[in-house]
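What follows is a pair of complexes built around chain A, which joins chain B in one and chain C in the other.
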Partner chain A sequence: MSYEKLFENNISSESVKAWKASGKKAIGYVCCHVPTEILIAADIMPVRLRATNCVDSSDAEAWMSSFSCSFARSILQYLMNGTYELDGLVQSDGCMMATRILDNWEHISKKNGKEQFVYQVGAPRITNDTTIAYYKSELQDLADKLGAFSGTKVTDDALKAAIAKTNEIRDLIDQVYDLRREAKVSGTEALNITLAHCDYTVDEYIALLKEFLADAKNRKPIEARARLMIIGSALDNPEYIKVIEEKGGLVVADALCFGAKAFGDKIAVDDADVMGSIAKYYLTRNTCPRSLDNRPAIHKEIVDACKKFDVQGVIYEKMQNCECWGGEAYYLEPDLKAEGIPMLQLEREEHMANAGQLAIRAEAFIEMLDK
Partner chain B sequence: MAEIEKVDYWRWTESNWKNPDIPDWHGSLITAGVDIGSTSTQAVILVDGVPYAYSNMRTGSNSPDSAIGAINWAMKDTGLTLEDITYTIGTGYGRVNVPFSNKTVTEITCHAKGANYIYGPTVRTILDMGGQDCKAIHCDEKGTVTSFMMNDKCAAGTGRGMEVIANLLAVRVEEIGEMSFKVDEEPAPVSSTCVIFAKSEATKLMRAGWTKEKVLAAYCHAMALRVVRLLERNGMELDFAITGGIAKNVGVTRRIEKIMGVTALSPKMDTQIAGALGAALLAKEFVEKKKAKG
Partner chain C sequence: MAKAPTQNFDPTKPVNMIELTCDQVDSIYQHMLTKGMPEIMWTVDIQKFTWEEIRDAQKNGKKLIAFGGPVPVTIMRAFDCVPFFLDTIPTRIASMEDLCGRYIDETEKYAPTSMCAIDKAQLGCALKGEFGIKIDAFVHATVPCDSARIAYPMMERLFDCPCFTFDCPFRHDDKGYAYVADQIEAFIPFMEELTGLKWDADRYAKFVEISEESNKAYSILMQLADLRKKDPCVLPGRMLVLNEIIAPLAGTPEVTAMLQTQLEMGNMLADMGMTATKCPEQRYRVCLMQNMLWSNTGIMDWMEKCYGAITVMDGFGYQDGVLFEDMNNWEKMKLQLAKSMLLVPMIHGATGPTEYWLKVIDKMYDEYKVNVSIFMGHVGCKHTWASGKIVTDMIQEKYGIPTLYVDVDAIDPRYKSNDELRAQIGEYMESVVGAENFCK
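Coming up: the complex of A and B.
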């Protein structure tokens, strides 16, 4: 397998088709609060849904208003127009907009006589022993239902085997980010790489990453006018970062739920409570400001990443109508300012219709940093 | 039947200028800046860093033609040709379409540099109100940008929006500012979300019997509020200055001053040339840096 597949711009259904052709199930999921380990343990291929390159969401607009999040609406569009042909959908209530994908898809698939497996995981917005226990019970219920759906019961051993694989991916992604720090991998490439995780099985993805890393380590550093970090709403379009990098910036770090935040540290397994280990890991991990009690921690992680990756400026991209990242700039900017790191705020929509506006802002920001 | 005269009320006056205090440019460093905006194009020529000539005209449908037209008009009666200009920087949304430029720089960087020259080194906050967008910029004493914020997407709060209203109400765009104060009391602002909405609302108000002056007051008020939000988001640090075409519209600028509780500095030259002037100044700096490096 050639690692060039990591850089395909469009969503690839090749792996899903092959998986389904072998008689197994593939299920879509939205948001980082759906632990893929449970799907893998049920011998189901997890497919993280995204809306990359969606240019028209008019079908979905009949179900979700134009004042909803265009990322969520575009995913619904891809479900409706057959871009994704899967056996079901698992969703966590990561944000209210994403939740509407499940609500609408459940109704639409039923209406079209193609009722699917749908499941909503309740992921609490505060983290303590009580909420972790609740989340664990949600995950256990999901595991039971997935096991019944696929015919493969989710056992502790299967979960541990799945964790071993996802931890290996986390380790490999860490190596990719080390290369970003050395300016050997661009931000555009990095987002392509992390997005490919959505389309391939864990084994395929591990193989692709290993091949890429073996090659990329020998690269020469990329020259740039400014080292940048990008943070904010779900960003699933590498073209967005490409516009910034074409203006002379190098996006060396990110805090995106399709980037670094989709992976994170390894899961530490307690053999006596494997599902509890997963619940604790996923609820404690700071993926986005959806939680009520993790804002200072997320901000600290961003500031720390700026230091680790020698970042000169932060680009904060906010999807219009984004519930999670809507007002974060107000609280984050002083923390960055205290470290002498300027921040550029941008609004965007899923459809890349404003590349020119992005380019002028990015270029001016880079000029400002490249004094 | 007599033909009805068609008047383009949105058309503002084009101009060019030549510095009478510089009789001869020979032997001097000549740099230029060309700012191709969505609505207007300016060319500024400097002689040893001092403004020597400029032109300010409407942008046509072809950006390279606009650039050539602007520089030719600026060079008119100066004896200069393009070959005499050592370095030219293109800026504005059409900056990549200046066929004779040596480099491009964004209008944000250029406006800060230009405002620093026009208003002096005490300027810290610049509001550039252009044809299709507006920008709140912070800069240091050298005119180097320290932060900025631009409006998103809509032409409401920009020169183009003002031109639409000028045509709708059949009032020359240059007269709008003064006219908007001829009201007994300040009316509530019209919608500032979108130019089209504002236009519909203005039509509705005219039908409801409002005078043109009152509608203009409501529109200028709305435009001021819209850009004030941008200024507040980026923060206000004195001294404050306004650049761009709308800086010439007192109906908007005085309302901004009133809402913000600040007084904008008075310009010593045409505020519409700030971008091109900044580009020409940066061109001079670039040549000097290159020379210093050998």
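Coming up: the complex of A and C.
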């Protein structure tokens, strides 16, 4: 296997096809609050849906309107046009736009006589004992339903085995991020690598990462005019970062839900309460501002990452109509300023129609940092 | 209802929002007194009560609790507090372009323009520090939407006061009700600490008394909803807007009295074969599927007058009220309160799966004999837009009614002019519905 696969920008269905050909199920999911460990334990291939390179989402727009976020709309488009041929969709209510992907897909697939497993996990938006208990029961319901669907009951042992694998991935991604810190992996490459997680089985992905890491350790650091961090709405297009890096910036860190935030620290398992451990982990992790009580913590994590990765400037990209990642500037910007780190705010759409504009803004920002 | 006077503040100076609103409501009140309009005084009385209760909370020895989303207001009142529903700010100032714009523009410096103007207006007021009152506590929920989820955490920090958050489940089922009930239990110590009062037998008795009053108000509201089913519809579309005031006022005799007067008036008119609408004759029964157009409530009067088209119900204001039973059973009360929180307007249809909204709309079309369907879609409410086709397809398939889609900003009057909106609705009414225009 060649790790070059990690850098294929387009969505690859090769692995899903092979998996399904062996008689097993593959299910799509949206948002980081669907624990993949549960799908893996049910012997189902989790496929994180993305919208990379979707240039026309007009069919989905008819369902979701032009007021929807184009990332969410483009995912629906990919479900509708067969880019994704899966057995179902599991989602958490990450944001309302993501939620409506599921509602519309459930409706459209039913209308088209396409049998789908469709399930929505309720993920609380504050973290305390009551909410973790509720989330755990939601996850248990999901596990029961997935087990019945796949014919493989989700057991504690299967969950622990799945956690061992996803923890191994977390470990390997950590090593990739260490290389980013050493400027041996560019931001464009890093996003390609983390996006590949969406398309491959855990075992394939682990193998690809190991091969890549073995090679990449010997690289020389990349010369750059400014070290940057990128934060904001779901970004599943490495070309976006490429435009910035072509102007001399090196994106060494991120707080993206397709980047670092999709992995995070390892899950600590309490043998007496395996599902509870998963619930606690996923609800305590500060993935994005979908929750109401984690904003100061998210801001602190961003500032800490800036320090850890020697970041000189932060790019905050916001998808149009994305409220989830819309309101962080008010408190975050002064926090960053206190550390002498400027922030550039950019609006974008899923389809990168304004690359020229991005290049101009990025260049000016890098220029300012380079002085 | 008389129209509020246009803006009367100096934009170069800080505004005291509450004082300004109280003054405006009072001037409408005085104007109506002098003009001798007793038959509609009750529509202003309730507004006067609402705003003065907020302004004078501390003067009257009460804590003022700002709130957003569904929260148990009857418990707050049982603890002798005044609940201040922050959404009443945007809905109140929506017709005042300058004041509304002042706050919306302030928020847009830090948050996306696509954010709901309901949240933008209240957050802008907080960012400018122009409430003009001290907020003793902030209680909010994690719903209705992503916009609110930008605004509430920011306001928590801006208000810098004790805060409590209710996490509302995505699904409104028994598990969800029990989940909210557990949080209501946790809310009690918060209220005890805030007020220094105990949740003892006396307090519980007060809570029961307030809940009984709330039951009265909601049962009248249900009777009013039934009255709107009459053909022709007796009550104008405007009343749907006014009745939303029940959210912060449930449990007060004032809101019960207002609703009672409205009901008596409606019944009387029905008995006399008359209506309070502006229709020369009712030709169409309209359902507005989404929000109320607070920035231009006059549009409903215009539809009545020019097309005989009465807004019989709206998707925002539709009340599936819960009447409390067995009030001395706290365990049961918590569950009922939880249920009532999840069934309030905007939460009942907008926050969970599309299926919920579909049910609300289906019920309205069925029970209110709707024959004109308008998706007057508030641009901020992107998640209801994203469910729009599922719902309007159902209306077409089940009721054979095509739906007009119009994009509006329910709060920001600058989004679309009255002329533009009238042209869009008029064109639909005349060319698709085939309506005669009485105003031509």
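Quick note on the criterion: the second predicted complex is superposed on the first by the 371 of 371 C-alpha atoms of A that agree within 3 Å, B and C clash if a C-alpha of one lies under 4 Å from a C-alpha of the other, contacts with A are read in each partner's own complex, and residues count from 1 in each chain.
What we mean here is this: a residue touches a chain if its C-beta (ideal position, glycine included) is under 8 Å from a C-beta of that chain, and two chains touch if they have at least 3 such contacts.
Treat the numbers as computed from the prediction; the structure is a model and nothing was measured.
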| item | value |
| --- | --- |
| Touching partner for A:161 - first (chain B), second (chain C), both, neither | neither |
| Touched partner set for A:371, first chain B, second chain C, both or neither | first |
| First, second, both or neither for A:361, with chain B first and chain C second | first |
| Contacts of A:148 with chain B and chain C, given as first, second, both or neither | neither |
| First, second, both or neither for A:124, with chain B first and chain C second | second |
| First, second, both or neither for A:326, with chain B first and chain C second | second |
| Contacts of A:293 with chain B and chain C, given as first, second, both or neither | second |
| Which superposed partner A:100 touches (first chain B, second chain C, both, neither) | second |
| Partner chain in contact with A:64 - chain B first, chain C second, else both or neither | second |
| Per-residue contact with chain A, leading partner among chain C and chain B | C |
| Chain B-touching residues of chain A, taken from the complex the two chains share | 342, 345, 347, 354, 356-357, 360-361, 363-365, 367-368, 371 |
| Contacting residues of chain A [partner chain C, same complex] | 62-65, 67-69, 72, 93, 95-97, 99-100, 103-104, 107, 120, 122-126, 130-131, 134, 137, 289-290, 292-293, 295, 318, 320-324, 326-327, 329-331 |
| Interfacial residue positions of chain C with respect to chain A in the complex | 110-112, 114-115, 127, 142, 145-147, 149-154, 157, 165, 167, 169-171, 175-176, 179, 182-183, 186, 353-355, 377, 379, 382-383, 385-390, 407 |
| Of all residues in chain B, those that touch chain A in their complex | 93, 105-109, 144-150, 152-153 |
